[in-house]
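Labels A, B, C and D are assigned to the chains in the order they are written; within every chain, residues are numbered from 1.
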Amino acid sequence: MKTVCLVVGAGAGIGAHVARKFASSGYHTCVTRRTNQDGLDQLVDQIKRSDGEATGFLSNIAKENSIEELVLEIEESIGPIEVVVYNIGAQIGDRSLKETSAKMFEVGWRLGTFGLFRLASILLPLMEKRGSGNLLVTSATASMRGNAGQHSHASAMAGRRMLCQTLNAEYGAKGIHICHIVIDGIVDAPDTVGLMLGPEKFEALRQERGMDKDGLLLPSAVAETYLNITRQHRSAWTHELDIRPFSELPWWNSEKLSL
Amino acid sequence: MKTVCLVVGAGAGIGAHVARKFASSGYHTCVTRRTNQDGLDQLVDQIKRSDGEATGFLSNIAKENSIEELVLEIEESIGPIEVVVYNIGAQIGDRSLKETSAKMFEVGWRLGTFGLFRLASILLPLMEKRGSGNLLVTSATASMRGNAGQHSHASAMAGRRMLCQTLNAEYGAKGIHICHIVIDGIVDAPDTVGLMLGPEKFEALRQERGMDKDGLLLPSAVAETYLNITRQHRSAWTHELDIRPFSELPWWNSEKLSL
Amino acid sequence: MKTVCLVVGAGAGIGAHVARKFASSGYHTCVTRRTNQDGLDQLVDQIKRSDGEATGFLSNIAKENSIEELVLEIEESIGPIEVVVYNIGAQIGDRSLKETSAKMFEVGWRLGTFGLFRLASILLPLMEKRGSGNLLVTSATASMRGNAGQHSHASAMAGRRMLCQTLNAEYGAKGIHICHIVIDGIVDAPDTVGLMLGPEKFEALRQERGMDKDGLLLPSAVAETYLNITRQHRSAWTHELDIRPFSELPWWNSEKLSL
Amino acid sequence: MKTVCLVVGAGAGIGAHVARKFASSGYHTCVTRRTNQDGLDQLVDQIKRSDGEATGFLSNIAKENSIEELVLEIEESIGPIEVVVYNIGAQIGDRSLKETSAKMFEVGWRLGTFGLFRLASILLPLMEKRGSGNLLVTSATASMRGNAGQHSHASAMAGRRMLCQTLNAEYGAKGIHICHIVIDGIVDAPDTVGLMLGPEKFEALRQERGMDKDGLLLPSAVAETYLNITRQHRSAWTHELDIRPFSELPWWNSEKLSL
């Protein structure tokens, strides 16, 4: 049996790079995404070509029992999940209240908050039996304050953040390291930010802030910090930290693009 | 047509006292609760006997279209809602993760966050047309930090808080006063706290902290502050404040009973 | 002996209006400012012409023993101080680190934090003996987050905020109501904002946001809330609240003018 | 010329271990402490015996020009300071307001806030010229909320925190990484905690929580995280994080020992 790192939501941004990083550190890395079998296969192949181990799963976290069955399948057929990264976004761009349907609002919560609850419910008791484990939760500026047009996203992310606190209050002392990671900047990610902006605007953004200007979050750099969090000695754990480009003002100093 | 104050969730605690307070200040007060027609009638009678105006509605906020239809009915048949108080609790007591079913977690969100979103979606556009209105949101310690056993409640209340921020960011400048009120103590409320504790424990708590010791929040005193918030001049509005008994330490200084 | 409200720092903005408000509510109001005997006399006269009682003191809070002696003198010759408002600002405008001398930084702390500590040290034990009292502390956006150029102001105001928390933790249960009031907008105050901006810019700001647009904080409206805080029943006290114009975004949604 | 890491406040706890960690990573490490030449020499010797480079300085940060001269001396005679760690504590234990003299309160600020301002004022402009640098600031629970008896410490630490925010707002985009590190637990440090508690109580605490229970922060584990912060790629910097033992509840869930 291998020691597993499961990355829930492994597109081409933070998720994919975190997956590679943990694979190159010796974990059998399981990666999921909702759609795009080709993209998933490519990621698994990349990892394997770098002498890592990986298995891919198409999985719709919003579907009943999806994450529950996935966790049990991995634990049974691959190995114990020592690290799980919840990397599901719920950003739908800025929408006025009128443009935010009840359905959208609910989907935001299902992806933003409820999916994490379901993942924790199935996996933390397994980790508890083993006396150790890591739950890393990618989160967003919107978990810290609500901006105009972010009705769905902000309330879902605040729920996510608070859930990390209640999980930590119950499972920290049982040896499970839960970390809420506030991504407070725009990620250089064609799969998410790129799709939201469209190719032209994304390229312009890259020219303006990215590349050698380092004003967009490099997912590989973010992944480095994720790995380090899991390596902290249990006498000195971090429960919450923020990550942003050096040239970006923090959320408390600026109005942010909602990306 | 009367000017209406609608209190969503008017049991025998804060909701009932807020309803009385606004009624005695000249509002036609509409009060809702999920069950207990008798309790509802009593409240309406009390208000009327004090020369106030009130109408009661049994209404299950969790039910589709319930709050939407209620708002439209009141606006049509009674008058414009100038003040709305969202006073629905979602506390289910401390429960470990294993004891918190997906269903419970979802109900917590439906009452804690989603109901407020639905209320805002139907009512704020009407207030916007009138250029004024007040949305007062009763909230809890759990909106500020997650404690052990509060998985459902804390994430729902954090979602509630953040939704107040996004609503304020969109509707504040349109003249709608949105206020998130952090009730950070135990309310002297037989209907909620009393039911949760049972009559004996509740009486003991009252003896220990309540009565002339003023260590439990008197709902009538809380109501006074609710009224004052709606009276603030628009050049000097409060968006968030905390309320607790003088003898109670704030959430950042103490472990709290989850009530 | 009269019941006294002492306003430390009563220029023509919040301080003066708070003084008038408490005077018109029956307090003998003692007002201090550092300089400008004429301005002080005018304020005292205004209060008296409105049938209020007031006494003015020129007092430099930064000077050793100044506040200590003032408090003792008032308690002895006028009456017990039931309400004290610490309304001393420490804003010096945006200055880069290089432009912020050690002296400036220290003055910021002396006015922003240390003065409040000294006031509390002399007065809270007196209030404790009486079993009641109110300490209202005017504070600023900068107490919540540090913006560029605000090295002196932000660290002093954060110290002020935290001191309010430690004072509350010790004196709340002794019946002393301590409230930290976050003024999160520009006050329509010729004496402070006006002086900082100069008359032309201030007038332009007034035309743009103030007057009937209500986009500048009216000090009289702010004063209303100060009075209401002291009237809260002790079972339902507020320790912290924010105040801003309806059309102003909160600090967590915007970059603010440092005023 | 060597690349220097300067640790201001290097007793036997976090400071000493951070110094060793950076020395073993190739920095010439300069260490200061206020008193105890022997302890200082021992630390320097330990580092040298492990093939590291170190220089020790007795230096009283509270003294005028002390830190300023030290920085200039190091920059001139040893090398450019690439990493500076401000590790000066200001804890004086829980003291009631009456037991907290104005002098104590001022000393708290001089060590807690002002020393950091002076260090930043002399060093950040030098780092700015080089386009890079790291300022790591050890901070405390008290920077986040004020507890009873912490008047001096909490207001000084809140000032420290806010100063980190204003420094970051000005210097982040200039390539200087400023990180505020919230140490939210008791450090297994004979020099600070041990001295405060006395040898017997400290030993009891170690037996109860420390040793293989890992309930006290191991300074060597903390140091690992300090090093990793300076290694973050500039596209993905952390400005604030908390560190506590796995078995310790965060400040927002518990009343803490003030250590």
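The rule we apply is simple: contacts are C-beta pairs under 8 Å (C-beta built on N, C-alpha and C of every residue); 3 or more make two chains touch, one makes a residue touch a chain.
Please read all numbers here as calculations on a predicted model, not as lab measurements.
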So if I look at the partners of subunit A and the partners of subunit B, which chains show up in both lists? C, D
Starting at subunit B, how many touching-chain steps does it take at least to reach subunit D? 1
Please state whether A-C or C-D has more C-beta contact pairs across its interface. C-D
From the centre of subunit D, which other chain's Cα mean sits the farthest off? B
Interchain centroid distance [CA atoms averaged], subunit C/subunit D, Å: 34
Quick one: report the Å distance separating subunit A from subunit C, using the average Cα coordinate of each chain. 44
Touching two or more other chains, which residues of subunit B qualify? 145-148, 165, 168-169, 252-253
Any idea which subunit C residues touch subunit A in the complex? 144-148, 251-255
Where on subunit D does subunit A make contact in their complex? 165, 168-169, 172-173, 175, 177, 188, 214-218, 220-222, 224-225, 228, 231-250, 252-253
Interface residues, subunit B side, partner subunit A - complex: 96-98, 100, 102, 105-106, 109, 113-114, 117-118, 120-121, 124-125, 142-143, 145-151, 154-171
